[in-house]
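Quick one: the structure is below, and I'll ask about it shortly.
In this document, chain identifiers A, B, C and D correspond to the written order of the chains, with residue numbering beginning at 1 in each.
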Amino acid sequence: MRKRLTELRRLPTLPGVHLKDEIAKISHRLIELNRNRQLDRAVWDKVELARHPKRPYTLDYIHLMFPGFIELRGDRCFGDDPAIVGGLAAYMGRTIMVIGHQKGRDLGARTRRNFGMPRPEGYRKAQRLMNLADKFGIPVFTMIDTPGAYPGVAAEERGQAGAISRSLLCMARLNVPTVALVIGEGGSGGALALALADRVLMLENSIYSVISPESCAAILWKDAGEAHLAAQTLKLTSSNLIELGAVDGVLPEPRGGAHRDHEAAAEIVKDALEDSLRELEAIHPRVRRQERFQKFRRMGVWKENGMTLF
Amino acid sequence: MARVSVDISRRGGDSTFGGAQSCPACKQLLSSEQLEANLRVCPECGNHFRVGARERVAQLVDSGTWGEIAGNLRSADPLEFFDLRPYPERIEEAEYETGLAEAMITGTCRIHKMDVVLAVMDFSFLGGSMGSVVGEKFWRAVETAIDTHFPLVAICASGGARMQEGILSLLQMAKTTCAVELLGGVPVPFVTVLTHPTTGGVMASFATLADVIIAEPGALLCFSGPRVIEQTIKEKLPDDFGRAESNLDHGQVDMIISRLELKDRLVQILGMLEGGVACALEPLWEEEESRPGRRGTLAQALDRIKAFANPSRRSS
Amino acid sequence: MARVSVDISRRGGDSTFGGAQSCPACKQLLSSEQLEANLRVCPECGNHFRVGARERVAQLVDSGTWGEIAGNLRSADPLEFFDLRPYPERIEEAEYETGLAEAMITGTCRIHKMDVVLAVMDFSFLGGSMGSVVGEKFWRAVETAIDTHFPLVAICASGGARMQEGILSLLQMAKTTCAVELLGGVPVPFVTVLTHPTTGGVMASFATLADVIIAEPGALLCFSGPRVIEQTIKEKLPDDFGRAESNLDHGQVDMIISRLELKDRLVQILGMLEGGVACALEPLWEEEESRPGRRGTLAQALDRIKAFANPSRRSS
Amino acid sequence: MRKRLTELRRLPTLPGVHLKDEIAKISHRLIELNRNRQLDRAVWDKVELARHPKRPYTLDYIHLMFPGFIELRGDRCFGDDPAIVGGLAAYMGRTIMVIGHQKGRDLGARTRRNFGMPRPEGYRKAQRLMNLADKFGIPVFTMIDTPGAYPGVAAEERGQAGAISRSLLCMARLNVPTVALVIGEGGSGGALALALADRVLMLENSIYSVISPESCAAILWKDAGEAHLAAQTLKLTSSNLIELGAVDGVLPEPRGGAHRDHEAAAEIVKDALEDSLRELEAIHPRVRRQERFQKFRRMGVWKENGMTLF
């Protein structure tokens, strides 16, 4: 049937022949056949867990993981973006630079923090803090939890694209060890901007995707209602992503999800961070940079001379 | 991210078909030959139509000097992505319709006798979306530039990341950024030309990381497309939102250059940056550590700089 | 530049006289003893009065640990400057009234047992204006920090450059900036505390070049003072113009810290930055080039970090 | 008489004794005695020459000195400030980065370029271009011609002070040779931001000052009308400044001033730039940086242990 559809599509459009309805009908049947409702639900559960309003946020982890935290604010250009928080944290007897998206817990905080959707100032603050960390040999730990960079006119005018690309470049450039952890929603370039790290980890029930399932469904299925199917198709769960080689590790969550036990979740993250840093600090900075480049170089799957390469 | 749906109809529509068409800006009826001869710039009003990647190469490159890099790369289907249609079918169709293997072609070439590594994107191939092949092709172009010390020019046109490759398409932003960082370490000059439209993941990675960023007149250049923003703020955006001219005013690009001048200007800019590199590689003091460079290119670079036929001059 | 005329009357007026005075913010009548005991912060409303340099040192420094640096520097009169009065006379008068030799005092000290190089400005000495002596004292403080690897803290309060030294006062901005660059090359942590008011040339040089920038509540922090701007735009500025709180919102400072918490916080921040330095100086890999550092301070730094009694925690 | 004044001032203020008038009277006589009307006029002529509306501006020199110039715009954050122009110039068979204040010639250009008074974007653009030059080993040449940084609320909010200080830091940091030339009005920190260079030169009829004579007079003499006297007192002419060691060299101007012959002025600047660069390029970058630091370290005059030190 899939072949039939392809053939139909290839037919030259003749006057009077209306294939569109036919194509739509077959497409629809294919979607139905393709759908795995059980998997659908399982994946959507993860999406909802990743967005769960009681899930621990960046500041919760900071609060639980570090005996001391000094927030540093501002991009020194235009503003301070509360959608990204960062600062120096006391960690295992030393200092670490922690930076992460912050969604805000109650309505006031959510509004103030723009639901964790950063503007260019947020990414510029992140760059400033990362460069400060680099100067003093302080490792960088980022937490990712955003629906995406804020789509607004003023944010665009102040260079949202360049703020993200330079955040990526800044992370590529760092000499200190870097660990990124997706703690909730890893949405699009706005998430990736903080995730070009030596180790990229995900919490079990977090998601990480090139586009939100809703937008993907609206664009590709022309139907935002197909978000469940899009979520399944996008392969955005932690188990999908580790399989694709897109992340370096997945951290288990407390039974039922991180929102059920913030302390236990923070303990898991703390242990993982310790392990990652111990590994990374044993490597010479120059080698570590090279390995970082090589890791991201390997991202992607393509065919070359007929062979599929990973 | 993947902004394949960016509305491009206002700016010129599909320009690859034969026959006459009317300029969407000034309504002038233009023959295909007329348009092609004028580099797909409306002779009446200067509106810039879209250009396919092959045609762009023909516009820019000294004849007979194009040597394609990584032309044998093809998209795989790592996610077995199926929406209304399977991803491989979309690829096949794009190949069929554009005669291209992917949304970017890369190669070495000469532009006004200057050696350059060139990467050109094509919006008509799945909206110029960046998937694994585009990322890998860009990486190999950078590798070639590092090996040869030829400067790198990327002509961008993209709706963003290729959703059908899921997270792997997003990660091409990280991959191409790492490539830019490696290139900058040499350093080899890197110039991007942002054409209509360049949005999403390409705009938020290598496109905005160049040493010099050139925009084509009227090009839509943004991260989030107008539709996404309109849905967010529930308002119609002004026509000039995200256009090249607005980007220039807001400090995001270095200059806007008409396509009719692009070839000459590109060589001037590259020559200038090369002039710096070349001179910096001819130190008057003794080097303490050996430095990979290419001595002897000073004279070549200087010749280029001296050869400016039409220096750009602006008065107050 | 020289914004000696900045209006400071609103913020607290002259706080060095004895006797009772009323808080300009809440009108509460406060005795001098009361104010001094509360670090010149109004116990009623938290208004921060100005503090002289010596008193600031007493507030911050562990008793008996202050060792002044470059205390024998005095202003010369290179321009033989004479306006309504000769410059040397103004200096003499300032010395007489403040008991200070210049608008900045510098020294080594311990703060909560942590070794620190401290530079403190005094607004009551010719409006905290920066002339050759302030620049040279800052330079020597940096030199000491580089030699000892003690972190540098500068408490700023300044109306700008000292006009009476003409171009030489302007050039102190360049001089102090060069010092900061040298310090950053080591690197040694550098923290500034911007107090009311810090404007003009000090604000546009070392004050804003620190690794961490702290502001005191309500402090006026700007380049051009309100009067200059009012004259330009012919409008009265809002009361919060250029205040610490506005600077925080606009991303120009890292944090606002009450003077009552300053000592504790300073040590936390310096300890954090030191922790990075100390750890980075204990490499797990073999060093290729020898690096000037101070091994063995790791344990010391770690102790400090562990010793955080009152970690700063914020919830959502 | 000066002594008498000092003594009067030192007298404790007694009730009923009104010394203020007395002091003011003596002060006034002293000013009159101190005034050298001839010098006054000579200095003010320089101030007017430096601000002469037909004086060559940065873009005029660029036009006349370089066979090719490619303007680069924008700070990549917020905007492009036309009060500072910059770009790559073809120069003596090689590339140079030229950056300068631009006042604008006619009324439209003056308004657009804000009379050469930069906002933070201008200084951030300058930093971007200087870093680009540093990356490619391109020497930096700056031209200074501004009444000062723009005193505006929005400019302050976007960090005018930090933009200037970071411009200074950027220039301190550069590995490439740097030459700065005051071509007209070198006003305050807004001028200095582009003048932390290996060689700082002045045109004969340019001025360079910590504050404008008008503002200085208003503050110190409480009378903006005393600008002539302030100008003389501030020692802001090229001959004053070379004497004070504040600049490294003074370039002669064509007879009557640079505005009489733009071409000749440009020729002089070109030769001086060539000489400076030849000298500077013979020095190892690290040594050049050290010499730069040492030069600015020596700026200032103070007394130490009773001796006056320069």
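The rule is short, and it goes like this: contacts are C-beta pairs under 8 Å (C-beta built on N, C-alpha and C of every residue); 3 or more make two chains touch, one makes a residue touch a chain.
What you see is a predicted model, and the numbers here were worked out from it, not measured in a lab.
Path length between subunit A and subunit C in the touching-chain graph (shortest route): 1.
The most distant chain from subunit C is B, comparing centres defined as mean Cα coordinates. Set against one another, B-D and A-B show the most C-beta pairs in contact at A-B.
In whole angstrom, the spacing between the mean C-alpha positions of subunit B and subunit C is 49. Rounded to whole angstrom, the centroid-to-centroid distance between subunit B and subunit D, based on C-alpha atoms, equals 41 Å.
Inter-chain spacing, taken between the CA centroids of subunit A and subunit B, is 27 Å.
Shown for subunit A are the residues in touch with two or more other chains, namely 76-78, 158-159, 162, 166. Each of the following residues of subunit B touches two or more other chains: 208, 250-252. If the chains shown are joined wherever they touch, the resulting network has some other arrangement, not a path, ring, star or complete graph. If you check each pair of chains against the touch rule, the ones that pass are A-B, A-C, A-D, B-D, C-D.
Those residues of subunit D lying in contact with subunit B across their complex are 57, 59-60, 62-63, 66-80, 88-90, 93-95, 102, 104-106, 109, 113, 121, 125, 132-133, 135-138, 176, 281-284.
Across the interface of their complex, subunit D is touched by residues 184, 187, 189, 208, 211-212, 248-255, 265, 268-269, 272-273, 275-281, 284-285, 301-302, 305-306, 308, 311-316 of subunit B. Across the complex, subunit A is touched by residues 1-2, 4-5, 72-76, 78-79, 81-86, 89, 93, 131-133, 135-136, 139, 161, 163, 165-175, 177-182, 200-201, 203-209, 221-224, 228-229, 232-233, 237, 241-242, 246, 250-252 of subunit B. Contacts from subunit A toward subunit B in the complex involve residues 2, 5-6, 9, 27, 30-31, 34, 148-149, 151-153, 155-162, 164-166, 168-169, 172-173, 188-189, 192-193, 195-196, 208-211, 215-216, 219-222, 230, 233-236, 241, 244, 246, 292-293, 296-297, 299-305, 308-310. For subunit D in complex with subunit A, the touching residues are 76-78, 120, 124, 158-159, 162, 166.
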